[in-house]
Each structure stands twice: as structure tokens, then as C-alpha cells.
């Protein structure tokens, strides 16, 4: 009987061992997929920052092409890995990649249409990547919101660049959009499961909002000085920088 | 037996004070929710929405918050003399509420909401359940932190007189705080932040003034 | 408006998941209370009270706990596929429960309560709402932490055969755990502590042995 | 002017509460000094000096400490209802004092010094200026932390009956604490340390027992 | 001329961009290889811990086989990736894996022969993995020492286990060995480039040494009590635990 | 003995690399001194001293610095393949040197000093001991940080054409940097600061332009 | 006994140095209070109050502060050779005092208050109890930190010549600091802040100049 | 010119004190190296090597270290009265040296190495360049930290009388430290660690004693 217990123990722990080994290996594969998504989503973001007043369509087209390459090559690998899995159990392993992906996708969408890419829309694009018989991976609300928080940093960079390019109205559009996101998030943050990360991100976000506001302020006070000083030999509203000179 | 009796008595008392604490925390969280809503309304001020629109929505919360405080008062009435035992459980929420009320008041009147006025708005003005002075002062500092951003956005929206008004307000406030010999470290730090706010507003006023955009009043004198 | 609508939807969802969390925490606290009671009963084992007395009172809680888990299962049924989203909110309670059940089982049978047996006792044995293996293993380690103290107190009370039995059990358990590949995580730390428990029990076994107090069986073989 | 008047009033109040705090801290430091001296005397117990010698010197401090508390009471009388506002400024000293008094009492009588007895010794037994229950409980835990060391040194010095007596005391104390549902995190931690003390004393008792050094009484029953 | 400067700028920054892209991608591949080395080296370590008094040869043989699989499958990938590279530039990307590998290899060697696997010996085993025409990847002294520091933690676990198995002399051998490593490292640590990590590892190491010493002490005082109390019905030195009972 | 021998060997190697490090640090500090002197000279540019005067003195240091780098190259030649082991010990100095050389070059030619040109000036152009590209890029960003100040001071001194020239340069530079894919590292932060430099120079250009002070060329085209 | 004698001696010495430290801290706090008052007066300079009004009140504190320093000197006279043992206990207060004196001096004369002049004003000019050079230099940097704010507020108040004067002063000061090879990290950081002050003042000067508000003097030359 | 002259003088003085500091640090690092070697020799004591072998090698370093201190004394002689200005640059090394010397002395004689004896061994016994009392006390605490490990290893090696001797030493040392009213926070913490050492040694002594392994002397009395 002793040996019986022993073998049953052995059998049971053999099963536990297999379970843990499989879990660890899957986690490892997911971490790798997540890193790939991160690095390539960052490339998309840099591509978007190559925008200027004249190349908008071309640059965004390439960014969107790159983004769908990320989706099809890397996110799809993640989706396959997680087929029918409990997406929450291994969330920490893929969360950084998904957040960066959200950042890239929402940035593209904003530049293209001036609107926020919804979570539902994003998740709809993931559906075709899944085997229809399994439960599909869907980006969860927390990762989406964390990615959105990072988006505002990129929008701040974009706004500074747009002002340099004379696209003041574009900058103001960004300013409004970012303010709106910040304001909405203030109500959402306290409801989030583990809001610690998010709270520090909120502080960074407020800094970003204020950087854009300060840049707009600066353009405005300088512009206001224009009319009283010179009269108007040039009829256009005196935008900053290069814009009032044809290329 | 003596031991058991003693610990049985302790069990009862600890449970009572524990459940009291729970009830207090629950009210504090209600205050927090209402304050957040109020804050999110007030944030619209940075988008230069018309004041009435901004304030009306925010004001709607005051009544609610006051009710929460009266519930708090009732709870604390049960354990008289222990205000400060549980004070830590709602003080940070109170500081936030003070800052929001003070901001609304300033937007409407250009003046500082006084300690007793604040207490009145919240029903915190009787001797048993009042508004702690340090909480009030910290709340005022929080409120001042919002002003530099406000000034910047107002100027962008074309209101060139705003920096002068805010500057005057902050100079007075700053001078008032200087009268105090602050020992509370947290409050001291917050007062430091108020000094930065003043400095930032001075810079904005300078930007407007040097470009001749401001009507030329002196911030230290009320235009009459 | 689209933006607002989306965030409004988020708020609703997060509020729902927040209240779900609250309900889960409430159940978890009920489990915790029941487990504490059970633990209190089981602790009498260290004072060498007769086993039936110790176990009967403890067992009375099992049904209650099982009911709590079925309430938990119902709650989680509402949000299928999100078991691990909220897992952190009851896992430490579950680990404690596992350790207590395993201790009771060992006291009765001298064998390890298996994963599926544990699941069954708690109603955690269907595929949708099961017992996480790592929680089970951690619970088993917690249980082993109680054994050195048990052995010491049993010997003090004159039960000189106890060390041999416990030693045999821990040797087997240790050998079984060594089959696992762990990460540098909580479970590995707990497994390290199991090795120290084993060492301590060996020492007691040795103390008893050299004094000729133990019946001379080999801990590796059950005398039958 | 209104602003100035308000802040002038604040200045006065803040200064008053500041100087109150200073006076409280000064008394707390006097209590601390006296407690240190008392502790120094009591430490000789670990070197197995005769009890009367150890206790007499320590007792000499009690009167002094009581006087300090009556000064504290007077100070706090000035600001009735604010006991808990300043409580943090003397509570850790009070916990130490409780632990020392409880140790002395146990050495003399083998019993736990009760909450009201402690209050009486310190003049903390009226309703306005009493001994906080949590401070008392924490002090009791601190006292228990001294016992394992005491037992070890007593056995080394040849007193083999000591472990049994201490064990009995700690088992009872432990059972009493178990009745409480501790929410205070600090107190909970201290209670955990009490459990470790119990475990250590069980081990020493085991060491003595297995070597036949102990008179064979049962720790759970008073030999009489 | 303006456009000339512009194009030369563009060309130059095009080159820089390629350089940075290649570097990042290589770093990413190396990080992945390093993670594979880590997870598999850990498995080797767990295999070694499966040792007991009776299965030593068998267990170690498997451990060594597993270890050489790590070398041939995963370390070799790292070696290939770093062919002719400056090994120091990307050290942070592979250092964790290499340290864990050192830990596993030195643990196997100690259990087999009771000696320390030298850095030179380790590096010799890496040579065949390299293309002979390129400069071969060699484990650097810092990673080796950092791995060694972790080794002592595993040896502590091993010692506790050996005492349980009654192999007191084995535990004492470990104790000596670990003490020696600790003593030698105290002289080496202040010379290390970036000794901050190492200093915290030294504290953990001293704890490990003392845990072994305390375990040996405990066995010893118990053992010393034996003879005066019982006389000696059993002639053997009274080891702990199971050993004095045949299986 | 084998153990001892190996550690003895380690000690020797580490001591060697330690002394190597010391020698490298010594050279790096020489580079730092020379760079400080160069910087001191170049700072006169902000006081609108004539360019030749400013540059001649600064240039005098280049030879010295190049010599220091050739000493560095010799030291690193002793330990081939370990360039990046010690890179951290001189990289920040190199970044500063790059920024100064690039500034001088821009002042003279209006163009960006290229990576290979920089390497040549410093003797860092062979494959064994080259100029790290990231160091070069960071140096270029540092250089751009000096330009807003330069523009402000030039305009103050009456040189109204300067903003246009600097603006054109920064626009090109910014466009070039945007070709890179960066990580979230130091270089990305520096590149962000470059964008702010560009903004500031635009503002000055605008200030000059609206007052009709600038010759009306387009910053995007060199007047011939 | 030898041991006891030694520790008895230690006790005496440690108590002496402890009480010395207490007395030093008490004086340092008096200095701090006086400096705060002085600072409060000087702050009015930012509201463009007439200089005499601002300075006269501030000067009234100098004598007081000097007295405090002479008390400090007496205390340190008791333990000659240990100036630097206790230096840390009053150095930050001294740095503040230096900064205030230097600001007052600059406002009156437009020149930097020299090290020996500062020492004289404070009675810190003998060899035994002097003014540490680093403290002086740090104080000077603190003073420069006040200047950008001063310039901004002066321009706002219509004093357009102020930036030129301050700029000239900061250029000279900056050039002087450049002569030093700073190793003290704190001082180095403070010097960095001085560079930022210079840059900000350059910008204000630019703003004034480009709008033709400034009399056209060159900041590097004294108009005669 | 006055400005320039002053800063020129500062430059000279700062460079002097900077190079002094460099020289001091260099000597301190030499002391550190020698102390490390000594420490590594002394560590052999835990392997129960014969004392003479252990001590002889360690002693060989004393002369070297003394030489280093005499170099230090010479350097500090150049700047009399500034001992404490640079004290921080060698104090931690001195504490280590004290701990090693005290350990060696205890191993040889069983007594505490006195402050003046330590000073003598290191040539730190004249009034101008002495051994700071706090450094000595901290060193003594460091030394005590080595003793629990030593006791454990000695018992393992069969020396059962060692715990009693060490215990007696630590009891005396502990009593001596109790006489001091420690204000230095670092020293206070170190003294706490000494108390843990005492407790640990008490436990080892207990382990030995209860097994009848120790000769039965009382640790508080010298066997004669």
C-alpha cells in the first residue's frame, strides 16, 4: 500500500509537472510574441511622426500598411498562441505588446480621421485572425486604456511638430482631443482594476496636455502682436514658421 | 475567565470601531465620487466654455456632498470626542472638495472662499464637526495649482485681462500664507507649490503685457 | 460624442466589474472567516486534544466553505472566461483552505489530499471553475509548515511514533515536489520552506530515536 | 482685510497647536527616558539575577512615569476632544511602558496585567484620558516578545520548570488574541510575532521534556 | 547646392537609420536567445536537485545531457548571433541568460566532481560552436562571477537536501566549497566593473553560507548528544535522518 | 588550490582592467578639460564677438583633443574587442566634443558636420576605434540645444538674418532625425528637445519677420 | 572595570558633544527665523515697491543675525578644531543668509557682495570662525536664482532698463564661476542653475530689445 | 577685477582642497585594500584553522595600515583644524579596521581592544590626529556581528566552551553600550544589531548546555 500511495503521488505530481512545464513554455512564447509586437508597433509610430504638411497621405498610407503587417504577422501569432486560452491568466506576458499596439493603431486612426479608434473596432480587426471554432482573443479594456494613456505622449510630439509646420489648427485639434481623453480618463481611472500604473500615466498625460496648451498659448500671443505692429501687407492670419512661404 | 472577559470586551469594542471605520470609509468614497464628477465638470473651464455652463453642472454636486457630510457627522456623533481618531479616513477627500469649491467661488467672485464659508457650504460649521484648518489650507493650495493652466488657456482664448486678475489673487494669497509659520511638512510643501504657481502666472502676465495685450492696470490695485 | 459614448460604455463596464469584484471580495472574506474558524479548531491539535474532537469541529466548516465557493462560481459564471481576471481576489484564501483541508486529511489518513480530491471537497472540480494547480501546491506547502510544530508538541505529549509518520510523509512529499520545474516565484520559496520543515522533523525523529523512545520502524516503510 | 483677518486667526491657532505638540513631545521624551531606565533594570532578568533585585529597581520608575502621564493629561485637558489629534505623539512610548509593566507583573504573579490595572498604574483610567485598547494590546505583544529569550536563559541557568509556566501563559494569551478580529495592520503583525514566541517556547519545552528535565506537569493545567 | 546638402543629409541619416534598425533587431534576437537559455538552464538546475543518495549517477547523467542540449541548441544560437560582434556592446541583452547558464554548468560540475568549473573550461566548450574564421564568443569574467554568486544559493538548497538524506559529509564538502567561494569573492568584488549588483548578491551569499553552517551545527550538536545518552548499540557515527536505515 | 589559482587569475585580470579603466578615466578627464576650455571660448559667440576670434581659440583645442583620443586608442588597443566594455567611461565626454565640433562647423559653414567628418577630426575613423553613431547623434542634439540661445543673442546684437539661417538648418536636421526609429532611450529624449529648439527658433524668426527686420528670404532656400 | 571606565568616559564625551550640537541647532534655528523675516521683506521687490522701503526693513535683521553668529562662535570656541565637525548643522542657514545679503547688496550697488564683505557683515571674518567658501558660493547661486523673476516683474512694471543691468551682472558672475573647477556636486548643480538664470534674462532682454523698449546700451559695457 | 581677483583666489583654494581630498581618498583606498586582505585572512577562523595561522597572516597587515594612517596624518597636518572637514572620506574604512583589530585582539586575549590601544596600534593616539569615538564604537559593533557565526562554527568543530566565553564577552559589552545615550542614528542601529548577536549566542549556548556538552561554568563568572 505504501508503494501504491507513492506511485499515485508520483503520477499526480507528474501531471502537475507537465502542466507547469507547458504553462511556462507557453508564457515564454507569448512574451516573445509580445516583444515583436512592441518593436514593430514602435516603428509604425515613428513612421507617423514622419508626417509633414505635404506628405500626409503618403506617410499615413505607409503607416497603415506597416500597421496591418504588424497585425497579420505578429499579433496573429499572439492570437494563435492564445487560442481558446484564458486571456487573463497570461495577461502580464502580452500586455506590454498589446498596449504598444493600441498606441500605434489609435495614433494612425487619429491622424487619418481625427477620431478615436474604438476598442470594438480594434477587436473586430482581430476576429479574422482567430480560428472561428475557438474563443477569439480580444484586447481587454485595461490594456486598451493603458495604451490610450501612452498615445497622448505621441500626440504631444505630433502637436509640437504640427505647430512647427504651421498647422496651428491641427495642433488645436490635437489639443482638444487630448484634453477630452484626459478628462474622460480622470473619471475612468479610479474604476480600473489595478490603477497604480495608470495613476502615474495620468500625471505624465497632464504634463503632455499642458505642453500642448503652452505651445498653443505661445503661438497665440505672438500672433496677437502681429496686427497692431505691422498693419497687414499680408492678409493671411500670421501662422508660425515656414507655412506662409511657398515651398 | 478574567482574561476571557477582558478580551471578549475588547472584541466587542474593536468590532464596533471597525464597523464605524467601514461606514466612514464608505461615505468618504461617496464624497470622492461626487468630487471627481465635479472636478471633471470644472475641467471644462480650460476649454473656455462659458462659465455658467461650467459652474452649473459642478454646483449640482454640492448638495450631494453636503448630504454625505451630514451622514458623516451623524456617524461621528455616535463616538463623540473621537473626531481626530478617524479624521485620516476622510481628510484627503475633504481637501479635494475644498479645492473644488474654492475654485468655483473664485471663478464666480474673484475672491477666496473663506474657511467659514466653506464650512457652511459643507455643513461643517458647528463646533463638534468642523472643517480642520490644515485641510482647508491644503485645499486652497490645491486650488491654486489649477490657476496657471487656467490663465494660459484663457489667454489663448483671447481673454487678456485674466493674468492680471489671477496674479493679484495669488499675490494676496501668497502674502497671507507667509504670515503662517508652517510646521506641517505636507502643508509646507504645498505652499512651495503655490509659490511656483505665482511665478508661472507672473510669466504669463509678462508675456501678455510686453506685447501690449493687457489693459494696463496694476495687478496690485483693483481697477474701480 | 462618439468619444463620450465609448468612455461612458467603459465606465459602465468598469463599474460592473468593480461591483463584481466587491461581491467576490465579500465571498472571499466569508471564506476567510470560515477558514479562520477551521484553523482555530485545528490548532487544538498542537495541544494534543483527541483527533475526533479536533476534526469534527473543523469539518463542520467544510460544507459552509463549499457553499461560499458555489456562490463564487455563480458570480464568475456571469463573466465567463474571466476567472483569472479576479483570481487574485480569492487566491490567498483558497491557498489557506487547501492547507487546512490537506492537514485534516493527513491527520485522518496519513496521505496527501490530491488536487482533484481537494477540488471535489470544495466544488471546484468542473472545467469552468476549477482549483488552480499552483494554488493547490502552495496550499500543500503551507500545510507542511504546520507539521514541525505538530511533531514537537506530539512528542512533548508523549506520542513518540508521530515523528516517524510525519517524516515519511514529508520525505515523499519532498520527492514529489522535486519533480517540478519552478520559476523563481512564490511557490519556489514555499517549496524551500518545505525542505526546512523536513529537516526539523528529522531532528525530532532523531531525538526520539537515540533515546530509544520510538518504535523502531523505518520511516520509509509503513508498518502494517 | 477679511483675508488678512482669517489668516491672522489661523496663525494664532496653528501656533497654539504647535506649541501644544511641543509640550506633548517633551513629556513623551521624559516617559521614554524613564522607560529606558526601567527596561535596563528588567534586562537583568535574562542573566538570572534574583527577581526582587530586578523588580525593585524597575518599580522605582513607575511613580515617575505616572507623574509624566498626569502632566500629559493636564496638557490635553486644555484641548478637550482632541485626544486622538495628538495621540500619535506619545503612543509608541505608551506601548513600551505597557510592555514593561506587563512583564513585571507576569514575573511577580504569572498573570497578565489587565487593561484597567495598567490604566490604574499609569493614572490613565478616567474617561477623558484613558489607555487606548490597541496600545495596550500592542504593548502586551511586545512583552511576549521578551519571553522566548527569558525561557532560553532560564533553562541555561538550570530552571527547567520555567518553559512550562511560560508556555501555559502564552497558550492562554494566544487563545485570547484569537478571539479578536484584528483589522489594525500593525497589531495584526505583532500578534503574528506572538505566535512565533509561542512556537519557540514550545520548542524549548520540548527540549526540556524529552531530556526528562522537566517536572512532568501539563502546561494546560495548573499544578496545584 | 541647397538640395545637395539636403540629399547628403538624407543619405547620411539613411545610413544611420539602417544601422540603428539592424542593431535593435539584433538586440531583440539576442534577448530572445538569452531567455531561452535562462528557462532551460533552470530546468537543468531542477534536475540536479532531484539527486538523492541512491540515484546520483543517473540524475547527474541526465542533467549533463540536458545541459549539453542547452549548449548545443540555445547557447549556440547566441554564439551565432554574436559572431564577430563586439560582445560587450550587447552584453546587457544576453547577460541574464549567460549567468543562469554558468549557474547550471558549475552546479553540474560540482556535483559530479566536487570542483569548480573554471571559466576557461567553460569557454573551451563554446569554441566548437563558433565559425572558426570569426572571433568566438567567450563568457566574460563578470557574467561568470555573477553566475557563481547565484550558484551558492543552489548549493545551499543542495546542502539542506543532502543533510536530510544523511549525507553529512557531502553537506560539509558543500559548506567548505561555498565558504571558499565567498571568501575569494570578497577580494574580487571591489575590483569588478559595476559591483553594485554583486554587492547585494554577496549579502545573499553570506546568508546562504550561514544557513549551511547552521544546519551543520545542528546536526553536530544533536550527534554529540548521542554517545553519552545511549551507549552504542549502533557503531556507526549517528548520521541524521534516513541514512542509517537500509532501503 | 585550483580554486585559489583561478581566483588569483581573476584578481589579476580585474586589477588589470581596473587600472586600464583608471587610465581611460584619466584621458577622459583630459578630454573633458580641453572640451571645457573649447566650450568657454565658444560661449563668447553668445556675446556676439567676431566669429574668427571665437573660432580660432576654440580650434586650438582640436589638435589636443585628437591627441587624447589617440592615447585612448592606444590604451584600448591593448585589450582589443573590449571597446564597448569601457565605452561608458568616455562616452559622455565624446558627446560633448561632438556637440562642440558640430557647433564650430555650423558656425563656419552652415552645414552639419557629418559622422565620418567628426570621426576624422578626432582620429576616430578606423574600424577598431571609431565614433559610436549614437554618441554622434546625441552630440548633434546637444549642439542644437545651444542654437535658440545663440539666435536670441544674435538678434539682440542686431543680426536679424541669423534666425532664418538657423531655422533652415534645424528644419533639415529635424527632418533627418525623423528618418530614425528610436527606442525609448536617452537619444529619443534628446531628439524631443531638438523639436523644442526648432519651435523656439521659429518664434524668434517670426518676431523678426513681423517687424520687417529680416531680409525676406525663405528659410527653406539658401539665398545665393 | 577597564571596560566600564572607558564607557563611562565615552558617556561623558558623547553627552557633551550631544548638548553642544543641541545648542548649535538652537542658534541655527534663530538664524533661520531671522532669515525668513528678511526674505519676506525682500520679496516685496518683486512687486516693484520702492527700494528703500524694501531694503530698510530687511537691513534691520542683519544686526540680529550677526549676534546669532557671535553666539555660534562662542559655542564653537569651546571645542576648537572641530568647526567642520558641526558645520553641517548650520551651513544651509548660512547659505540662505549669504544669498539674502548678496541680493540686498546688488540691489543697492549693482555689484557682487564679496566674500570678505559678507564675512564682515556677519562677523565671520576671523581665522578661527570664518565663512566657508563653498557656502558663500552656493549662497551667491541662490541669489542669482531670484533674478529672472525680478527682471520679469520689473519689465512688467515698466522698468525696461533692468534686464540690461541684470544681464551684465550675470554675464560677469557666470564668467567668474567658469574660472573655478567645481568638484563639489551640489555647488556644480547650483552653478548649472545660474546658467539657466542667465539664459532666461537674455530672453527677457531680447524681448525688450526687439520691441525697442530698451535704451540701446550694450550689456557688456557700462554706460557712463 | 575685484571680482576676478576674488574668484582667482577661490580657484586656488578650491583646487588645493580638491587635491587634498584626492590624496586622502587615495590613502583611504589603500587602507581599504589592506583591510580587505586582513578580513579575508580572518575569515579562515570560521573554518577552525589554528588561531596562530589565522592571526599571523592578518597581523602582517597591521604595520602596513599603520603606515597608511601616518601618511594620512601628514596630509591632514597641512590643514590643521580641518580634521572633521575630511573625516567622512576615511571614516568607514577606519570603522572596518577597528572591527578587524578588535576581533583579532579578542581571539587572542578574550578581551575588548580598548579605544586607546586601538589608537596606538594605528598611530592614531595623539591629540591632533586621533581615533573618533563614534568610529571606534561602530567598529566594535561590526566586530560583534562576526561572533555568532564564529560560535556556531566553533561548536561544529567541537569547541564546546566557546559559546560561554563569547556570551560573557557580549553581555559585558552590551551592558557597557547601555550606559551610553546614543543620539547618532547609525550607531544606535548598530547597537541594535549587537543585541541580536547577543541573543543568537544565548541560543547557541542553550543548545550546547541543554545537551550537557558545555562545561558547566556560569558565563557571568570568570573561571579562574
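Miscellaneous remarks
When the chains are written out, they are named A, B, C, D, E, F, G and H in that same order, and each has its own residue count from 1.
Keep this in mind: contacts are C-beta pairs under 8 Å (C-beta built on N, C-alpha and C of every residue); 3 or more make two chains touch, one makes a residue touch a chain.
This is a predicted model, so every value here is computed, not measured.
When the partners of chain C are compared with those of chain F, the chains appearing in both lists are A, E. A repeat of the G-H interface exists among F-G, C-D or B-D. It is B-D, with more than half of its contact pairs matching by residue number.
In summary, the pair chain F and chain G forms a contact in which the copies contribute largely different residue numbers, shared numbers making up under half of all those used. The rotation that brings the Cα trace of chain C onto that of chain D spans 95°, given to the nearest 5. Comparing chain pairs A-F and A-C by the number of C-beta pairs in contact, the larger count belongs to A-C.
Greatest centre-to-centre distance from chain D is found for F, with centres as Cα means.
One simple way to say how far apart two chains are is to compare their mean CA positions; for chain A and chain E this gives 39 Å.
Between chain A and chain D the centroid-to-centroid distance comes to 56 Å (mean Cα coordinates, whole Å).
Rounded to whole angstrom, the centroid-to-centroid distance between chain C and chain H, based on C-alpha atoms, equals 49 Å. Contact with two or more other chains is made by residues 24, 187, 222, 225 of chain A. In chain F, 179-183, 207, 211 are the positions where the chain touches two or more neighbouring chains simultaneously. Per the contact rule defined earlier, chains pair up in contact as A-B, A-C, A-E, A-F, B-D, B-G, C-D, C-E, D-H, E-F, E-H, F-G, G-H.
Taken together, the chain A residues at the contact with chain C in this complex read 1-2, 5-6, 8-10, 12-14, 16-17, 19-21, 24, 86-89, 91, 115-116, 118-119, 135, 141, 145, 180-181, 184-185, 187-188, 191-193. Of all residues in chain C, only 167, 171, 174-175, 178-183, 192, 195-196, 198-199, 202-203, 205-207, 210-212, 218-220 touch chain E in the complex they form.
Chain contact summary for the complex, chain H toward chain E: residues 32, 36-37, 39-40, 43-44, 46-47, 149, 152-153, 155-156, 160, 204, 207-208, 211-213. Remark: chain G residues 171, 178, 199, 202-203, 205-206, 209-210, 220 touch chain F in the complex. Residue ranges on chain A touching chain E, taken from their complex, read 24-25, 28, 31-32, 35-36, 39.
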